[in-house]
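One chain, subunit A, appears in both complexes that follow, with subunit B as partner in the first and subunit C in the second.
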Partner chain A sequence: MKTFAALRAIPTLLKIGFSEAVAYRAEMLVWVFATTMPLIMMMLWTTVAEASPVVGQGGKQWGSGAFVAYFLSVFIVRQLISAWAAWEINFEVRQGMLSMRLLRPMHPVLSFAMSNLAYMPMRAVVTLPVFAILLVTELSRMTAQWQVWLLWPLALIGGWLITFFANVAIGSLSFFIDSSIKIMDVWLAAFFVFSGYLFPLELFPEWLRIAAQWLPFRYQIGLPVELMTGQLTVEAALPLLARQYTWAGLMVVASLLLWRSGIKRFQAFGG
Partner chain B sequence: MTRYLRLLGLQLRTSALLAAQYRFDFFVDAAISLFWTATAVVPLFVVYGEETRPGIPGWSFGEALVVTACFILLQGVLDGAINPGLQAVIDHIRKGTLDFVLLKPADAQFLVSTSRFMLWRVFSLVTSGIVFGIAFHQIGHGPSVLGVLTALVLFAVATLLLYSLWILIISAAFIVVKVDNLTYLFSSIFDAARWPSSVFRGAVKFFFTFVIPLAVMTTFPAEALLGRLAPMTLVSSIGGAFVFAAVARRIWLRSIGHYTSAGG
Partner chain C sequence: MIRLSGLRKHYRVHKRPPGLKAALKSLFKREYEIVKAVDGIDFSISPGERVGFLGPNGAGKTTTLKMASGLLHPTSGEVTVDGHTPQKRENEFLKKIMLVMGQKQQLMWDLPPADTYELNRAIYDVPRADFTKRLKELTELLELGELVTKPTRQLSLGERMKCELAGALIHGPKVLFLDEPTIGLDVSMQVAMRDFIRRYNEEHGATLILTSHYMDDVAALCPRVIVIDKGALSFDGKLEDLVTQVRPEKRLTLRFSAPVSREQVAELGTIVKHEPAQAVLLVKQSAMNAAVAKALATLPVQDLNVENPPLEEVMSELFSRSRAAREVA
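Then we have the complex of A and B:
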């Protein structure tokens, strides 16, 4: 009965979140513009590749065009998998505002998830021009296999799940320690290096590439991007998707456990 | 003047007391600083990863590493000395408590910008020192004395520029109030300074040299250390920074004139 009630509340939650996204659209645009890193890396790598193409570990030749396609895809994927619950949770725990959420008859993590997800339509609209540029200029470098395009949304959902629940896990740490946002900084630093955000993982030395295979980060950005840019066939992508969802599952379990043991320590009366 | 120096001393002392209060933060900051340094350097290793890779035109691995070291140093200045104080202003503006600062019998810009220092961030001096060491070891010889002096002057210029840019962003806070993420936007643009400016072409290069002068902040000091900065560039950088600071000061005075406090 309780789950049913929570499920029924989801459309309303999404609607509230969406109106919030519309109300704070200017703020959201600033967040989007702050995603400058892929574009800077695009300029860097195209300059580097100008003299001669960069050769990856797999023997693929990365020319300027390949980098443009890769980093525009990174930009799009980054917008669609983003979550910021760690900052929200940290803020609400410190300010005592979490009490309000606890009063509602549903799991607070669900309400965080819906408010994050509700921004997606707006974010998707923002990525449309980038998508258009990508298709006009680098169409030949995008995958032509429709089966891969079917897997792409799955990979995006998996990536978002990892991002969101990692956020919840790190946000829940603020029940225990003061500086959980600093831990988020460390997580982000590792994310930048190992996700394929700064460079295609193919350009990594072999041993770092193996490390990246086992870490969660490449399943947030690298996998969806590699699908889009035709670096993966369906057969190659399926085992990677399996790993992605394993990570997503681990993150769900870990974050909910952390949340549950943390919430017992929460006692904000009067803020 | 001596009054302001005394004030600065006082503000520094409160920050020092605060830092001493949270001693554990030193270790956290040091660890994070090391980690961020590693992530700032890793992309360079990938760009210059193999003998066959061409790298950034006009910059050898060691030389590009000098730019990264300058970047780490300046990021420390930004995070430790500039960001905390100005973040406080944004909070003041939003809550309407800026009135209390304005009432005090001293220059408001001075008061807010010295109100808080994160002293543990001096650790980035250490990490950038390590990267400088590795870089010059790669190059094979150290910088000349003149080079070091010029670079120090340029670091001062860079700090002034960063500070002025920040003042401009704060002035925007008077108009749009919710600018927490403008500061984030600025930090993410500042990230571009970790690369030699020759990476950028055309309009972007112009933007990063004259509008948001990232090139002046990290590439020019690095070139000074490498002994290949044209004297004219140095002179125009200093001149430009002072013009920039003067403009920022005027805009600050104007926007504080329009400040109507909370609820206004």
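Then we have the complex of A and C:
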């Protein structure tokens, strides 16, 4: 009964969240353009590759076209798996504004999730044209297997779940320490390196690539991008998806445990 | 409906003197102190009651309300609201209550209040027909008109507070915790809010706890008051009993048709102010009838007025007495 009531509320939460995204459209666009690092990396790596092809693991050669396909895919995936709940939770805990969410008969984590997801249509305004450019210019470098395209949305959902619940876990640390934003900065630094955001993981030395396999970051960006760009077959992707959802599950459990024990320390400042 | 028993909330607070040396020292060794925001209070409130919750700044009023509404977990003791333990934050409990804080808002800043109402409708699972009826009722009573369609940021403080109150009542809460609901509002808006709150209580039988620094709010709304100071209960009873306890005298104002000397009025009570044509006296309530009879019989009284001392004065005296007692202790 409780779950049904929450599910019934979701369309309204998304609708109101979208209205908010529209109200903040200028800020939203600035945010989107602030995440153009993949495009900068694309320019950098294509310049390098034009001088001489970059050789990855197994001797695979990365020409400039491969880098264009890779980094445009990274840009799209980054937009679609974005979440910023850590900043919101941190701010609301410190300012006491979380009180208003806690008074409502809905788990605040669900309301944070819906407000983050409600921004997706606005993000699509930027990602769809980039996707179109990618398909027009680099179609031959994208996977031609329709089964892989079927797995792609699953990988995106898994990537978003890891991102969002890592945000919730780090945001929940603000119940215990004065501010958890610095921890988010450390997380982001590791994310930039190990997710495939700044360079394809295939260019890592063997030992670092193996290490990245065991960390959550590559399942946020690397896996969906490798599916798009034909670096993975269905057979190779399935075990990776299993690992991705294991990480997502671990993040859900860790973040909700942190939330549950943190909320007891909430001091509801102000008022 | 609401029962508090031995309720305590103690905070561990980091203490640091100002200056660079203290800042560096606190990097390695921190000193903490325990602040007893609420230190063992007991009271109960029946369904439909309107209770004023008073105390000086930092007395623990808001902390108590936050524990009763489930925002804060008590350090010890117990609080129940309509049979629920607030800190469990069960949905059934949250649907029955609302905490309105004059300094915190639930309205979304860049969207019109109507969007927040729609969001609340969905979250509280209010049937569409009930929602439409209630919103219409609230719009009329609070005279919201077109305010609900303007972005919240463009509303004045008073308009925003009215919209805030409507949003808090969309789900028809049975228990209302009102923390400074009229703060910053002009006098006419304060009166409108008070009327509305009283009407909501009478029509819906809602239980109401109110904290306010405006004593007119308390006098107009709350037959019963609970006073806390430094986290401990110092009074629980009728408002007039509190006034009698703190200021056993009433104020007698006399206007004369001919000049009257100070000595003539001194026999009636303690002189607060004396002029040949007017005198203001403090007279014990038990002696008031005799004083009035004597004044009318012996003095050229043209007009007289008997009144309680202003509530602000009573509360100020109560709080300064408790401050003095603490300083002595």
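FYI, the second predicted complex is superposed on the first by the 268 of 271 C-alpha atoms of A that agree within 3 Å, B and C clash if a C-alpha of one lies under 4 Å from a C-alpha of the other, contacts with A are read in each partner's own complex, and residues count from 1 in each chain.
Keep in mind that, in the parts below, a residue touches a chain if its C-beta (ideal position, glycine included) is under 8 Å from a C-beta of that chain, and two chains touch if they have at least 3 such contacts.
Fair warning: this is a prediction, and the values are worked out from it, not measured in the lab.
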{"item": "Subunit A: partner with more touched residues, subunit B or subunit C", "value": "B"}
{"item": "Subunit B versus subunit C as contact partner of A:Q147, first or second or both or neither", "value": "neither"}
{"item": "Subunit B versus subunit C as contact partner of A:A23, first or second or both or neither", "value": "second"}
{"item": "First, second, both or neither for A:R8, with subunit B first and subunit C second", "value": "second"}
{"item": "Subunit B versus subunit C as contact partner of A:M43, first or second or both or neither", "value": "first"}
{"item": "Partner chain in contact with A:S179 - subunit B first, subunit C second, else both or neither", "value": "first"}
{"item": "Subunit A partner contacts - residues on subunit B that touch it in the complex", "value": "25, 28-29, 31-32, 35-36, 38-39, 42-43, 46-47, 49-50, 52-57, 176, 178, 181-182, 184-185, 188-189, 191-192, 195, 198-201, 204"}
{"item": "Complex contacts: residues of subunit C adjacent to subunit A", "value": "11, 62, 66, 69-73, 87, 89, 91, 94-95, 97-99, 101-106, 108, 110-111, 115, 118-125, 151, 179"}
{"item": "Subunit A residues touching subunit C - in the complex, by the definition given at the top", "value": "2, 5, 8-9, 11-13, 16, 19-20, 23-24, 96-97, 99-100, 102-106, 264-268, 270-271"}
{"item": "Touching residues (chain side subunit A, partner subunit B) in the complex", "value": "26-27, 30-31, 33-37, 40-41, 43-45, 47-52, 54-55, 179, 182, 185-186, 189-190, 192-193, 198-199, 203-205"}
